[in-house]
């Protein structure tokens, strides 16, 4: 993949934004390879994502940002430019279940997920050998059910040391304290094993079986201090029937969970997701 | 379709049920064209559906039931035999929205839905002309928002006069009183315009848009006195995104609603659905 | 829906197209409500669709086109502007099967499909009464299997008289002669009852059953003189199994056919489809 | 999972088969946990699969087969009894691509796929380290493009030594010679990276991109001497659009391929698949 800059913008809508941005790119002979716009009709906010070939511009990222700043200021933009040459640092957090981790590590080692994995944090030692084989660091921070503060202090410090751009809860199964959630707004992704808002909380497959639903699902969302209520990035479902036990649902659900998590994560890594209130714009 | 008997059985599981039933069919030279069994592992209840060609048996429905009764008694069966030569009498209830009605009437007039439609009941007169064109009776019972009792008394009487085997709430939009629900257990089908148990109650597409879900759905379920909580027969979903307004969701949802309702109704008409507690077994 | 202009552009890609177009819109205070861009990496052609509120521009459609023409010339654009205030004239062609016609007419009368239906042409008289009920003109042109030329001459003339913007083959079941196909390039839409390129030609469900596939589908495509080989607009599938007869497949397939046709038609009516060689760009 | 016998039967249909089999199970107090029947209406062949708890029968597998033999003979049955206590021996064959192998090995090590993996055969050494980590044997048999006979002789011998119950071509990319195909009828499973019968042969994603299809798929089928034409076990698809390059299709297709292969393999391992002519009955 050729090196590119991803320009991501959110601002109140008004006439002339696209003209100003595209004119800026054009006068510097920038080659746009992807472009998405969207205006939210309720709030009248405008969202935009441009991908520009780095080699087509006569300057580097720093200069690009300097030159673009006056335009951003004029339209009161929230904006950032991501450089595909700088891979995001990702910390994976897991518990004992392997399916999401195995899926993400396959995608990472095969080059499908464009990021660096700083380390894998877990409250169990179960998945160490598999992570070791990948040459990645595995940190086991046990949880004392009576007092989880030591665990979370260790997690907090590990995330800080890793200078994590993104934390992925790949079936981590612990509820992160608000103090950690709030340090990483829009930067912690969770996979919940139900089609939210159905079956919030624990044992969603048991709840689904109890209710007799004919589809089960999974939800990839940003983590906020409000449990299972953060902005949804991606969801999917699979068909079940009366003949499926809870164990079947767990098995079938795993496949949905890992697909949904990997798609949501990919969207984030490619700077396709913009959070707006409690919703997401996903330029997929 | 050749005339057939559908034998539907539910009873506590034990050794020998299938042997007894299939032996009974075999000694009378009955030709089984479909067979489904299922044992619920939790309750250890056994469910069974056999379809037998009527012409292969040397007796009629009445005699079949007489001869089968001792077997049914031996295993404490809840059972019935449906004769495909006797079409079920269905009453459709609608409000102002046409999509489910139009879909069901197309399927009915093209022979896809094997039932008689006794009449269409509505709290509005909007859909009369379309129903008239089909040569079906249309009954308009207006609703007085301050006191709905006259409306429901008229509905109650119309259902009784129609000797309804089945009532289909095809986006009827009123909450049936418990007194009516309880007269027709497992015989009133509703289409709810969300993927239950998400978004119970009114305006589910507004709720879905508010929550920012990435799939919306519909649920076909039996009506009980407990709103939107009856046994689910069928569900499906369609993908939506940030660019879809509530109006888009309503439009996309209509297609899911009519598909899910027609599938659920078909299952019921073909005696494929068995209610077990608050769940369904669907021999699809 | 507020009146809008849809500006649709295709041209060789180069720096500055978006800037020029968006600047043109901006200087006239045009309010863009939807924007899509795409560059085909193989051919380096650029495609673009802008929706602009008519009321935001200080001139009418004619003047818009005059003012835009120099920009179009500069970039060698193939372009058009559709005015949502001018509904497209559509001719439906059917045979004996009703499912697609019934679906399209429901969507038309409920306001979901934004077009005028000039007439319904058929080689059978079977669907006349239903079309009559809608107050639409029905033309029955019988086919002489030995010599179809009279039929096609009548069709040709009827399309010309209707000044058809678009012809929809809603299970018309006859092969249009090349002479008609070529008069309406990118303006005849067909629904083929298989997942093309599988099962070209006659009786695709029989072919599918014979091959034992586990999914069957439908394809909405533009008609060219080359049978079932025109640019594909939309496709979908439904799951089948060993227990499904050809008759089941026909029934299940009908639901896919009508969904796929209505989606494809909607994309076309909303000027979302651009033909490029034998493929389509669909700004859905 | 409790140990069970899976009784799988195919024979010409006639009155009394189910009665005879279920009576046989019942007189020995056998506890049936799953039951499926199907009669193919074209050929009038009958197919049946019963799962019986081993502990409920008063004898072992050998005695079960002895006692059942007269019934089988009476109805001219093709039949077998699988003992879930005896895991099938599976040989995996791969080339350089890892996605299917990684998926299968995850499912195997997590206990989701109930089989023994005898070895992994490959024409490349690329995946050795990953297989080694699992403690499985990896055999690298290079292919000489000018003369593949040495490669296939080595494969032939390795399969024989492994006493393979089943061979899984997990993106092996070589065409097995007829001599090997014919030794393992209904016992070699392939994953083809298209929705067959579309895009037979090489580079199906390039073919799909060329044709402009809106869905791409994968097909799991039994291998016969006729390339890509064997009985289909399972298929699925994923949506693509004009913006997806061939590389995107390859990436998206990988997820479909591994899901379809793992489902097809699971059906086979659980004795749910019966081949009938060039089609399969799948009691899923």
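As written, the chains take the letters A, B, C and D, and residue 1 is the first residue of each chain.
Convention: a contact is a pair of C-beta atoms (placed from the backbone, for glycine too) under 8 Å apart; a residue touches a chain by one contact, two chains touch by 3 or more.
Being a predicted model, the structure only gives us computed values, none of them experimental.
Participant: So, comparing C-alpha centroids, which chain is the farthest one from subunit B?
Facilitator: A
Participant: Report the inter-centroid distance (CA atoms only) between subunit A and subunit D in whole Å.
Facilitator: Distance between chain centres: 36 Å.
Participant: So how far apart, in whole Å, are subunit C and subunit D when each is placed at the average of its C-alpha atoms?
Facilitator: Measuring from centre to centre gives 41 Å for this pair.
Participant: Could you say which residues in subunit A touch two or more other chains, in rising order?
Facilitator: Residues of subunit A touching two or more partner chains: there are none.
Participant: Among line, ring, star, complete and other, which best matches the way these chains touch?
Facilitator: complete
Participant: Under the touch definition given earlier, write down the residues of subunit B that touch subunit C in their complex.
Facilitator: Residues 98-99, 102-103, 106, 110, 112, 130, 133, 251, 255, 259.
Participant: Please output the residues of subunit C touching subunit D within their complex, sorted ascending.
Facilitator: Subunit C reaches subunit D through residues 38, 40-41, 195-199, 211-215, 217, 231-237, 241-243, 245, 276, 278-282, 284.
Participant: Which stretch or stretches of subunit C touch subunit A in the complex?
Facilitator: These residues of subunit C touch subunit A: 15-16, 18-20, 22-23, 25-27, 29-33, 35, 37, 39, 56.
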